[in-house]
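Dropping the structures in below, format is structure tokens.
In the two assemblies presented below, chain A is common to both, partnered first by chain B and then by chain C.
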Partner chain A sequence: MFSDYAAAIVLLPVLAFVLTLFLGKKLYSGGAPLPIAAIAGSFIISLGIFFEIYPGGVVQQSWPWFANLNIGILIDPLAVVMLLMVSFVSLLIHIYAVGYMAHDPAKPRYFAETSLFTAAMLAVVLSDNILQFFIAWEIVGVCSFLLIGFWYHKPSAAAAAKKAFLVTRVGDVLFLAGIVLLYVNMSELIAGRALTPESGNFILQFKTMFEAIPYIDSGQLTLITLLFFGGAIGKSGQFPLHGWLPDAMEGPTTVSALIHAATMVTAGVYLVARTFPMFVATPDSLVHGIPDSLLVVAIVGGFTALFAATMGLVMNDIKRVLAYSTVSQLGYMMLALGTAGAVIGAKAVGISMFHLISHAFFKALLFLCAGSVIHAVGTNDIREMGGLFGKMKITAITMLIAALALAGIGIPFINIGTAGFFSKDMIIEGAFEYGEITGGWGWVFYGFAILAALLTSIYIFRLWFMTFTGKPRSERRAHESPNIMTLPLMILAVFALFFGFSQSGFYPYLETNFELMGVEIAGHEGEALHPSAIIIMLPVIVGVLGIVISYMIYHRRMLDMSKIVSSENPLYKLLINRYYEPRLSADIIGVKLTHDVAAQSGEFVDRKIIDGLVIDNIISSTLFQVGEVIRKLQTGVVQNYAAITLLGVGLLILLLKIGGM
Partner chain B sequence: MSYLLLLPELLLISLALVIVLLGLMISDRSKNLLGYLSAGGLLASIVFILAIKGEGSFFYDAFVVDPLSQIFKLIFAVVSLLAVIASVTYFKGSRNQDEYYALLLLATVGMMVVASANDLVALFVGFELASMATYVLAGFEKRNPASLEAALKYFVIGSLSSALMLFGMSLVYGITGYTSIPGIIEFFTTNPQAATGAINIVAMLFLVAGFAFKMALVPFHMWAPDTYEGSPTVVSALLAAGSKKMGFVAAFKVLVLALVAMRADIQLAFAVLAVVTMTYGNIVAISQRSIKRMLAYSSIAQAGYISLAFVAITPEMSQMAIGGGILLALGHALMKGGAFIAVAVVGYMVLSDNRNVKNTDDLEHFAGLGKRAPITAFAMLVFLLALAGIPPSAGFIGKFVIFYSITVDAVIQASGWMLFIVIVAILNSALSIYYYARVIRYMYVLPPAGERIKEPTPYVVAIVLALIGTIGIGVYPEPFIQMAMDAAKVLGV
Partner chain C sequence: MADLYSYLLVAIIIFTIGSYGIITQRSGIKILMCIELLLNAANINLVAFSSFNGSATGQVFALFSIAIAAAEAAIGFAILIALFRIRDTINLDNINILRW
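Moving on to the complex of A and B:
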């Protein structure tokens, strides 16, 4: 019964967007109740659908759009867990925002935009074809642009919005190129009768795409998947397109929590998971037994996980630490798809998605806690915080829970632990098995994953200790946030603590995802491996080690950091300058290459040659002169009109004579 | 035959008569009611057109109901509905509203009769009913000399064209002995030798001239800018968006059928007409400062694009091109109707600033419209972009289908000149952006000349309806493409 209303999942927030935009000013709190009610509706429908289709059911609806394309809904296990997460987290963040944005005069715009964002994100999730997926993906990007630049009067916010839009655009163009290439390939297959979709199936639907996999030329398939992955790199802030995500923290914290932690940035991972059968089917020309595209995914993901974590160590802006942490954790998700995908096949999607969802809970929580702190002390700089534990107990404790989850703390063997403990461990184990199977260089990924886990634990507890313990380092009197803000914190904390226990149901459920679509994904042949005890314990050991290190340095102050944290230290300089990425992307690529070289020379050709010589002198002036002459023909004297009409008859005779000859 | 199929027309005819009677009885002040009554009638008529499925022929086969007639009836009824809704504000307080609405409804009926006509006589009667009614409507502001001038010019050239058309029809009757269209076709197929006579060309030519007057193809367009500019703006909407399509449906019916029979090579003739018309319309539109005049020329240019539908040669592509022409006609009805109503809002705004302004549709008055009348400005923006053929809009889909079918046809025929025509048409579309963008610049970049106004609700309703249609067809074109293709199939080229 709920599945009949699947379209309402998207349409409700769209309606809320329109209403809030036009009527928000007149309503309570800038119209916030509208999106909250709409998204609650989406959540309830998603939940209803989940209970209807669990286990082993899917919802498919499709309408012809034009030509051979369609608009459709596909809710399979993969989509339904995403739907639940997106609508639930978005709901909580909208509630929180009522308190957080209370003093902002532009509330109607804020709630309208986040509502549209939620609609588009839900549309991404339940698309049944790649084109609709892309359209919704672009709307999501536009909303992200609008919301990062929400305080557009701040030059840094405007610049960050621009950067985010332009950098993700690089990925989007690649993604679109992939879609075009896929379409061309599939059209040829259909024209050549190699591929005959059933009636009612459309060309860019996921199921048709998967049917086409065996027929597409393997080189083309690698290219298509890599182009898709290019889109995912942009959206999910993977190296080398990661730079926009930390800058995006210029937006309101709720936006960072919603878009740049829990939902939009995970769309890239979701894209790879969605089209996973295509990635698996790519040829293994580089390393025997490992599909090329998955190898690339693993390399990019693993490297990003470690690379971003190193920068997280030195940032002083509370939100930037979290932003780098997000980039790093997204790297983990990609790593899971890349490594585990190669060894255990379809199960990898479950592992990656499980981390995606548990990350959404604890990272949204971290951001909201950070928002609560910023709300209280009025600064983003953790050097100016400290000693807040007594003043903001709820925030401090919920943030501690989230930090433990991020660090992946739990007790191995008896399986008790935070959400991150379960989800991250599986990824690290997957990387280990990958190393076992490939041997040699394959261990690199495991090394990346373990090292990044250590750094994660250090930076997040550095943040927590500097914020909540020690002596206050600023004058401002902090206070706990209002209930409407702390309530979502507590709900999310419950999920960050206990979500991990759902794993026994989660993995088998997601594993059925591609079977339901009739796609077989074979795992690696051979015995299931049982890693030794030390391997199972190692992630937790490094997690605890990280906490201890942070405790010593930032709480007990046992080490004098001033020597390390100085502009003398080249390593510190490298990190605090973010590997000079902003300089590279903004100054060299943005200003020098794009503006000075490309744009200026384009401008020269356009203005001086095309505009100046061709348009002004030849086309434009001729057209205007002709227009003036013809205008004189329009004398306004009706006799002339009649004469011209008769003349026209004469001309027609001539024309018909010519045509008839 | 089920007479239910005639319900849309019967309803409007009786409503027109009722309105005239009611007008005698009710006081001048309550005549605004008649507008709502007409709108309701048109709405019901639209519902009947859409809801009552089926085909049929009536009155000894002179009047047929088929997909082709229905889609054009839909166009006419929708445009009239938009015009009527807008008229509620435009003619508010006028004493003569009863005559106005009755005439408007009768004009609509006339157009619908043309859409359904299967006989030259029925066609002519419909044509004249619509023309007579619109002659009066164009001059409805009888104290405004511009309106009177518009009506007179329209009437003089219209009569000339009717005479030409009637002459063409009498020649056809003289050659074949039939007035019914299927009869004419049958005559030519059974007497192939009769099909080659030079007299056929003359007959055809006069028919073309008669229809081209309504379609406002160059050089039969001269009346159009003057008439659109001088008429009451809501009537201009009806003329440009609605009655123009009457010429097209008549041309589709007579030319395509009869010319297949006569095997005259009209493609080249229409290609030249189309190219000249679109280029002429676009170039002259550039130098206009009166927006109504600009829209008039733009609608001449659009007529050029639509007439490309006659250019394709291979049966399959020809059918598709005609389908595209019908789609563009439908889209044009919405965007042009909407644009004229937006101009009416600006006129209302200017007059409420200062009662003595003469050129209420001057470009100057559009400055800062985005701030002064945001809904109207946004809708106008969409209409203009749609007219320029920017996706996703009705204007894009129609143009796309036409250009696509001609390109494919050109490739099939290996025909250089057809490809050339498509290129010219695309260049023309680019050219048109110049004058559309200028209006957009005025609306959104230049500072407003006054305070924000309250846009009258009837105008807003009409504009939003047109807006929804324009974007709706662009976003979800499939059912409309299907309708247009079904309609084109009726012609069975």
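Moving on to the complex of A and C:
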């Protein structure tokens, strides 16, 4: 019954967007109840659909669009868990925003845009073909631009919005190129009768795409998947297109929470998970037994996980630390798809999605807590905070829970722990098995994962200790946030704590996903590996170690940090300048490449070659003389021109008619 | 597609309104809007004929035309804004420095 209304999951928030935009000013709190009600509706429908199709059911609806394309809905296990997460987290963030944005005059615009943002993300999730996926994906991009630049009167916010849009655009162009290439390949296959989709199936639908996998030329398949992954790199802030994510902190904190947890950045991971059979089917030309595209995914993911974590260590802006943490955790998700995907096949999607969803809970919670702190003290700089524990107990405790979840703290063997404990552990184990199977350099991923886990734990507890413990470092009067803000915090904290226990149902459920789509994924079954006790415990050990290190440095102040945190230290300088990435993209790409090379050489050609050779000779002087005569025709009244044009065209048609057309 | 004519009639009406506007209006913005009307009248024709003939070519063409119209509007309005900054007017009668 609920599945008949699947389209409403997207349409309700869209409706709320339109209504809030136009009527918001006259309604309570800038029209906030509208998107909240709409997204709650989406959540209820998603939940209803989940109970209808669990386990092993799929909702498929499709309508012809034009030519051989369609618009459709596909809700399989992969999509339904995403739908639940996106609508639920987005709902909580919207409720929280009622309190957080209470003093902002532009509330109707805010709630309208976040509503559209959520709608676009939901549309990404339930698309049944790659073209519709791309369209929704682009709407997500537009909304992120609007929301990051929400306070557009601030130059830094406007610049950040522009950067987010341009950088993700690089990925989007690659993604589009991948779709075009796929379309060309598939239409050739269909024309050559190698592939005959059943009637009612359309060319760019995911199921047709998966049917076509064995027939597509393997080199082309690698190229297509890498182009798709390029899109995912842009959207999910993976190296080297990660720069926009930390800058996106210029928007309101609730927007950051939306972008980082529920919508936007997870779309990239979702894309790879969605087209996972294609990634697995790529040839293993580089390393034996490892599909090329998955290798690239693993390398990018693993590197990003560590790379972003190092920058998280030194940031002083509370939201920036969290932003780098997101980049790093997204790296983990990609790493899971890449490494575990290569060794255990379709299960990797479950592992990655499980981390994606548990990450959504605790990252949304971290951001909302950060928002609560910022709301209370009025600054983003953790150096000016401190000693807030007594003043804002709920925020401090919920943030501690989120930090524990991010650090992946739990008790191995008896399986009690935070959401991050279960999800991250699986990823690290996947990387371990990868190392076991490939050996040699394959251990690099495992090393990266463990090292990043240590850094994660250090930076998040650095943040927590500096914010909530010690003595206040500035004269700011803090107070606990209103109930409408703390309630979502507590709900999210419950999920950050207990979501991990759903793993026993989660993995088998997602494993059925591609079987339901009729795709076989050849995984290396092999013998089940039993990692030794130390391997199972290592993620938790490094997590605890990180907490202890942070506790000693930032709470007990047992180490003099002034030597390390100074402009003398080259490593610190490298990190605080974010590996010079902003400067690189602005100076080298923006100024040197675009202005100095492209624009200047264009100017040179224009002035010296074209003007120099042509203007001063006969051609130009003749033209000048002719122009002198003809220019008298120019009356300068636009209406005359328009009238003459119309008359001329009319006359032309008349002549053609008479001429015997 | 029995009533192709009604579509064409709508297109003709829109086109006429647009061309009337272009000839009579003085404000740059109004003229740009009228140009949009002309373009969209053409689009209606394209789509109507495409549907009438049962081929997608016309629809694809209309999509191109919409994209070009968007580019044209963006540039047109940018020029008008720039003009307004310099001359404090968008009345096209006063903007004739290129006249002989």
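Simple rule for what comes next: the second predicted complex is superposed on the first by the 593 of 661 C-alpha atoms of A that agree within 3 Å, B and C clash if a C-alpha of one lies under 4 Å from a C-alpha of the other, contacts with A are read in each partner's own complex, and residues count from 1 in each chain.
Here is the rule we go by: a residue touches a chain if its C-beta (ideal position, glycine included) is under 8 Å from a C-beta of that chain, and two chains touch if they have at least 3 such contacts.
If you're wondering where the values come from, they're calculated on a predicted model, not measured in any experiment.
Enquirer: Determine, for the superposed model, which of the two partners chain B and chain C contacts more residues of chain A.
Expert: Looking at chain B versus chain C, the one contacting more residues of chain A is B.
Enquirer: Determine, under the contact definition given at the top, whether A:155 touches first (chain B), second (chain C), both, or neither.
Expert: It touches nothing on chain B or chain C.
Enquirer: Would you sort A:570 into first (chain B), second (chain C), both or neither based on which partner it touches?
Expert: In the superposed model, A:570 contacts neither chain B nor chain C.
Enquirer: For A:623, using the defined touch cut-off, is the partner it touches chain B, chain C, both, or neither? Pick first, second, both or neither.
Expert: The first partner, chain B, only.
Enquirer: In the overlay, answer first, second, both or neither for which of chain B and chain C A:648 touches.
Expert: In the superposition, A:648 contacts chain B only.
Enquirer: Would you sort A:439 into first (chain B), second (chain C), both or neither based on which partner it touches?
Expert: neither
Enquirer: Name the contact category of A:66: first (chain B only), second (chain C only), both, or neither.
Expert: A:66: touches chain B and chain C.
Enquirer: Looking at A:634 after the superposition, I want to know if it touches chain B, chain C, both of them or none. Which is it: first, second, both, neither?
Expert: both
Enquirer: Hey, what residues of chain A end up touching chain B and chain C alike?
Expert: Touching chain B and chain C on chain A: residues 66, 631, 634, 636, 638, 642.
Enquirer: Help me check something: in the complex, which residues belonging to chain C touch chain A?
Expert: 19, 22-26, 31, 56, 59, 92-93, 96, 98-100
Enquirer: In the complex formed with chain C, which residues of chain A make contact?
Expert: Residues of chain A touching chain C: 66-67, 631-632, 634-639, 642-643, 646.
Enquirer: Can you check the complex and tell me which residues of chain A touch chain B?
Expert: 64-66, 623-624, 626-628, 630-631, 634, 636, 638, 640-642, 644-645, 647-649, 651-653, 655-660
Enquirer: Of all residues in chain B, which touch chain A in the complex?
Expert: Interface residues on chain B, with respect to chain A: 152-153, 156-157, 160-161, 164, 201-202, 204-206, 208-209, 212-213, 218-220, 222-223, 225-226, 264-269, 272-273, 280, 283-284, 286-287, 397, 431, 476-478, 481.
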